[in-house]
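Once you scroll down, you'll see the structures, which are given as structure tokens.
There are two complexes below, and they share chain A, which is joined by chain B in the first and by chain C in the second.
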Partner chain A sequence: MTNPGALPTSEVLGEAIGDEAVAHVIEGRSTWQLAWARFRKDRIAMVSAGVIVLVVLVAIFAPVFASLTGHGVNEQFRQTGLNAYGLPEPPSGRFLLGSDDLGRDILVRIAYGARISLFVGVVATLLTVAIGAVLGLMAGYFGGIVDSVIARLVDLVLSLPFLLFAISLVSVTQPGLTIVIVVIGVFGWAAVARIVRGQVLSIREKEYIEAARSLGASAWRIMFVDILPNVLTQLIVYTTLLIPITIVLEATLSYLGLGIPPPTADWGQMIAESQNLYQQAWWFLVFPSAALLITTLAFNLLGDGIRDALDPGLARL
Partner chain B sequence: MSPEVLLRAVDVVKHFPVQSSQLRRSREVVHAVDGVSLEIRQGETVGLVGETGCGKSTLARCMARLQDLTSGTIEFEGEDISRRKPRQLGRIRRDMQMIFQDPYGSLNPKRRVGAIIGDPFAIHDIADGKERKRRVQEMMELVGLNPEHYNRFPAEFSGGQRQRIGVARALALKPKLVICDEPVSALDVSIRAQVLNLLVDLQKQLSLTYVFISHDLSVVRHVSDRLLLMYLGKVVESGQSRDLYAHPRHPYANALLSAVPLPDPRKAAEREKIVLAGDVPSPIRPPVACRFHPRCPKAQPRCAEVEPLLEPRLGDPVDHVTACHFPVADGESLRSAQSSLPDDLRVIEPEPTPETVDVVGSVGSSEEADKS
Partner chain C sequence: MVRFLIRRIILGVLVMIMVTMLVFGIFFVGDNAETVAYRLAGKNAQLKTVNLIIKRLHLHDPIYVQYWDFLKRLVWHHDLGYSYYGNEPVSTILKQTVPVTLSLAIGAAIIWLVIGVLSGVLSAVRRGSILDRVITTLALFFYSMPTFVLGLMLLFLVSYQLQVRGIRIFPGQGYVGLTQSPLGWLESLTLPWLTLALVSAATYSRLTRGSLLEVLGEDYIRTARAKGLRERRVIFRHGLRSALTPVASQFGIDVGVLVGGAIVTETVFGLPGLGLTAVRAISNGDLPVIIGIVIVASAAVVVANIVMDMVYAFLDPRVRLH
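Our next item is the complex of A and B:
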């Protein structure tokens, strides 16, 4: 270290120490921390997350919109909200996004509609994923007859026409929130089950599953403690991508009059009500549609971002 | 037979159906294990040796009841466990543990080391919360891991450390019998000795009984008291390790031992190398009678007609048994032996090409190869 040639060596040494320090920091991070670091760099995903937070806030503070504007969600303002011909009023200082065919404030109704959309979107998706994950785990792990029965059930569900089935189901019950969630859950699980089953088939051959069996772990413990964590990333990605689909499904059902019964504010229903009037009152159609579009788009982009963050190796679909 | 017999396998047979298509199952089966009997006594290490596909792992999985037996019985401490359903095994799952071959595949990548080693405590409802953590860290220390790494994931450890995690998990409940399924064959040679010594040390400390499976005779020699040599689903020779190494009787045992690398090149050059003809036959249709006869340099017509029994041969002690009609005497050369079987019953090596003669055939060149 006495000759001049030693200088670069000590520099290299310093660099090596620096690298080691960095390596130490990386070592301490879990999968989730790494995913979060990747996610934060994804601008589109971050903006989408912001939009979703906004929509959630709007839904939570929907009553604030009502009190600020002084318009109740189902209040009909026949004097101020409708013109002399009984047509809706365009957006103005009084009705920020205009009024609908019954003189109700569209802004307030969109805010309240966000509650239904988000609630159904999240609850129905969780139901779908829960049913699908459990049945997929069972089919994949137990195999044999259990697998055959579940696989045939999946085929059956996937081959049923969703809307026809929903129409007939609602016609025997009453339209409402519960039935919407049930219909979506009953139809959605099959796809989840199929994905989970495929994953489980490969995971259950792993040696650590055999290790768990040799320790005396029960089938349920193996499924939920050993296998589930290994399909969790795919499940989370699928869940976030399923939420917008569910929101659209709920809107579709409500649009067809099979979903949330009036007068409850709901985006799909508002779009349906605007059908006859959109040539006279564009705002009646455009604003609820835009709310639906922005929300589902944000969820889709967020789902993409989460997938990229959790599973960088996965190709874009 | 002074020490107590811990595990006794009688005539264990395991056949796997060959699936020819999705819909039809053919009647053909893979004869993975075909009538193996053995006894494992308290405190000893039994080596189970054989080449890939000879059924040693299947036998281990049958003993650990990870697989159902086709026929035969397995007794653990005198209780027949061969027909029990997994849920009825209870206590046996605590007393019999396995250490697996692949330290990368045998640890769940999504779970923390603490949870993995804590699994046995959780499954058998023995300790939880702080107590479990304490005992897990105790185990980690015992196998030479840093207990502070409790919250790390398996991916943050090296192969040798991962195998230590597997050892800690297997020994957490202080089992009576540990089945080690090639525990070091996936490891770097430099780390093998560490893990082997760890296993030997722990055996003394915890008075464990090992079944040690390996295809590597030098590894098995290092650890086992007794050896069982398997070929195509059957035991061909078994005995005290020292005995078997000194006086291998079965031609197959001789061939295997002649392939173990010797550290001394001069000795290696002097030693007779036995190169067997052909490959291991298909276990779907194994050869009749003695399964080794198509490849055996000493085979006679009788070998293809009568199955040899496992008996002491050539004045061996009672516990050194060999299944061979024409056992190899001490000092007998197999190079000059010539199978007297008709051609259709044995594997004929194709005429060696000149290059292969150079490499395999002459002692001189193999000496060179050993020296280089």
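Our next item is the complex of A and C:
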């Protein structure tokens, strides 16, 4: 419509609501069906969903890349992958995206690196959301001392410089997948808890909660069966927007040498290794960076799309 | 206002006590004195060193006595111990590194607020225009960009490409002190500032745009326009002042993010600040340095949070009440 302020005239309405359309309009549709209908119309969100499916497929079929090129993920090709000066080879028929400082195939390593990024992105985010949701529900529902304690904990965690504490934790343990996920979960839950708590505070005053209580439902039943489904849409939106943040965190930890230890292929770590060589071997820096950026961008666009679809009241910021 | 300040300071002290407990828990609590001593001195430490550490830090005492001693050393003597690697007091190392991180963080924070708020205002005022599209797209792009990727890209696309063409500004690595050479300082920090600023500016652009759009729909904005004020005055005086409250509160939260970003940026550009020193200390197993940096940086974040809360309370008087 050219003028959004003007009311639709009867002609326009008559055109839009034909007989078929009327039948369509009165058909009952659930929240999720409506959301899916809105989502499908969002071209940017659909494209980013496609990109994410692609990245997931690359991660699942990473071994296929290895067998097609004949280059194992940690295999070093000192003859073919390094030139006479011991420097990486540029992209060519043999190494589609070039080779790295040890003569390994960058394409194959990016494919394997997608596994770590996606795995940590999803698992650490779910852990973060789970801890945050449970503590947020408890703080909002029980109130009183429970609320005060959890609120103080939230304040504390939010005011800590996350990366420095990650450094401290890793410096007394061994770096690895588990510690990365634990660190992200331990420091990430506070923001989720704060959002859930705010929601629960208003929901718990509703009549249906009173009704549940008068029927003798236990506190835990009310929290998880009656309240949780009502904060679910917001949790889903938050989860999708948290995944790219988590992926960046994992890559950052690995870049700093606090994440996934070598020789496991990991994007952040590959970028760190390329840092001293980008003047001679741009492909070593550019391709892993592009993989990381495309993935986080796709997740952010998808998150925006899901938010618009589930919560059309919120304007796209 | 004074009561609010006092309450915030008490809360800040509480947070600092919890920080010291956390740090103490991470580094000084273990199965027995020997494990802790080996953790502090490194796996390959000699028995003599280990015994010396146990004696010096009284590692055989009960935990709460040790914690009390740890606090006493920290608060009364400002003693953060010695670096095992460089054999230098940690406080000396901090004195050398803090100015670098401060230069980086403060400069970047200014750039990020200016770019973020201005681009947010522009895109809200010209809502739906091409300019708005460009700004929101760029904002999302930089928002998705990991700090270290942006830093390396700037190094590769700006510093290196200029260097190849014979223009030697923006050195890729290293830091020049402000007192040494103001111009060199500016040059060595321009790219790090941009790196640290652009990623966060994107968030602020999105935030300012959303919040200003909401405010511009309010009745009092219509009133201001109706009484014939110029558009610029309506937006900056009437609109932006209340639109900035969520931005100020977000900035309070982001001081910790600033510290984290500074660590990464220093590593990318080889700036000898707190972050690079902490990262190097890990590979050397130099725990006293890490402990000192964590405590000092946390204290800085706590103080900055209090300052930001005061600014916030000034912008939005409702905050003072609860």
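As a working rule, the second predicted complex is superposed on the first by the 289 of 317 C-alpha atoms of A that agree within 3 Å, B and C clash if a C-alpha of one lies under 4 Å from a C-alpha of the other, contacts with A are read in each partner's own complex, and residues count from 1 in each chain.
Assume contacts are C-beta pairs under 8 Å (C-beta built on N, C-alpha and C of every residue); 3 or more make two chains touch, one makes a residue touch a chain.
The shown structure was predicted, so the numbers you read here are calculated from the model rather than taken from an experiment.
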Could you classify chain B and chain C on chain A, in the superposed arrangement, as clash or fit?
-> fit
Is the number of chain A residues in contact higher for chain B or for chain C?
-> C
So, does A:Leu256 touch the first partner chain B, the second partner chain C, both, or neither?
-> second
Touch check for A:Arg221: first (chain B), second (chain C), both, or neither?
-> first
First (chain B), second (chain C), both or neither touched by A:Gln279 | second
Classify the contacts of A:Pro229 with the two partner chains as first (chain B alone), second (chain C alone), both, or neither.
-> first
So, does A:Phe142 touch the first partner chain B, the second partner chain C, both, or neither?
-> neither
Kindly classify A:Glu207 by the partners it touches after superposition: chain B alone (first), chain C alone (second), both, or neither?
-> first
Please indicate which partner A:Phe119 is in contact with in the superposed arrangement: first for chain B, second for chain C, both, or neither.
-> neither
Minimal inter-chain CA distance - chain C and chain B, angstrom | 6
Once the two structures are fitted together, what part of chain A is touched by chain B and by chain C alike?
-> none
Complex contacts: residues of chain B adjacent to chain A | 64, 66, 86-87, 89-90, 93-94, 96-98, 100-102, 105-111, 119-120, 123-124, 153, 156, 166, 169
Footprint of chain C on chain A - complex, ascending = 152, 155-156, 158-165, 167-172, 244, 248, 251-252, 255-258, 268, 271, 274-275, 278-279, 282, 285-286, 289, 292-293, 296-297, 299-301, 304, 315, 317
In the complex, the residues of chain C that touch chain A are 11, 14-15, 18-19, 22-23, 26-27, 39, 140-141, 143-149, 152-153, 155-156, 160, 206-207, 209-210, 213, 253, 256-257, 259-260, 263-264, 267-268, 278-279, 281-283, 285, 287, 290-291, 293-294, 297-298, 301-302, 305
In their shared complex, at which residues does chain A touch chain B?
-> 27, 30-31, 206-208, 210-218, 221, 225-226, 229-230, 232
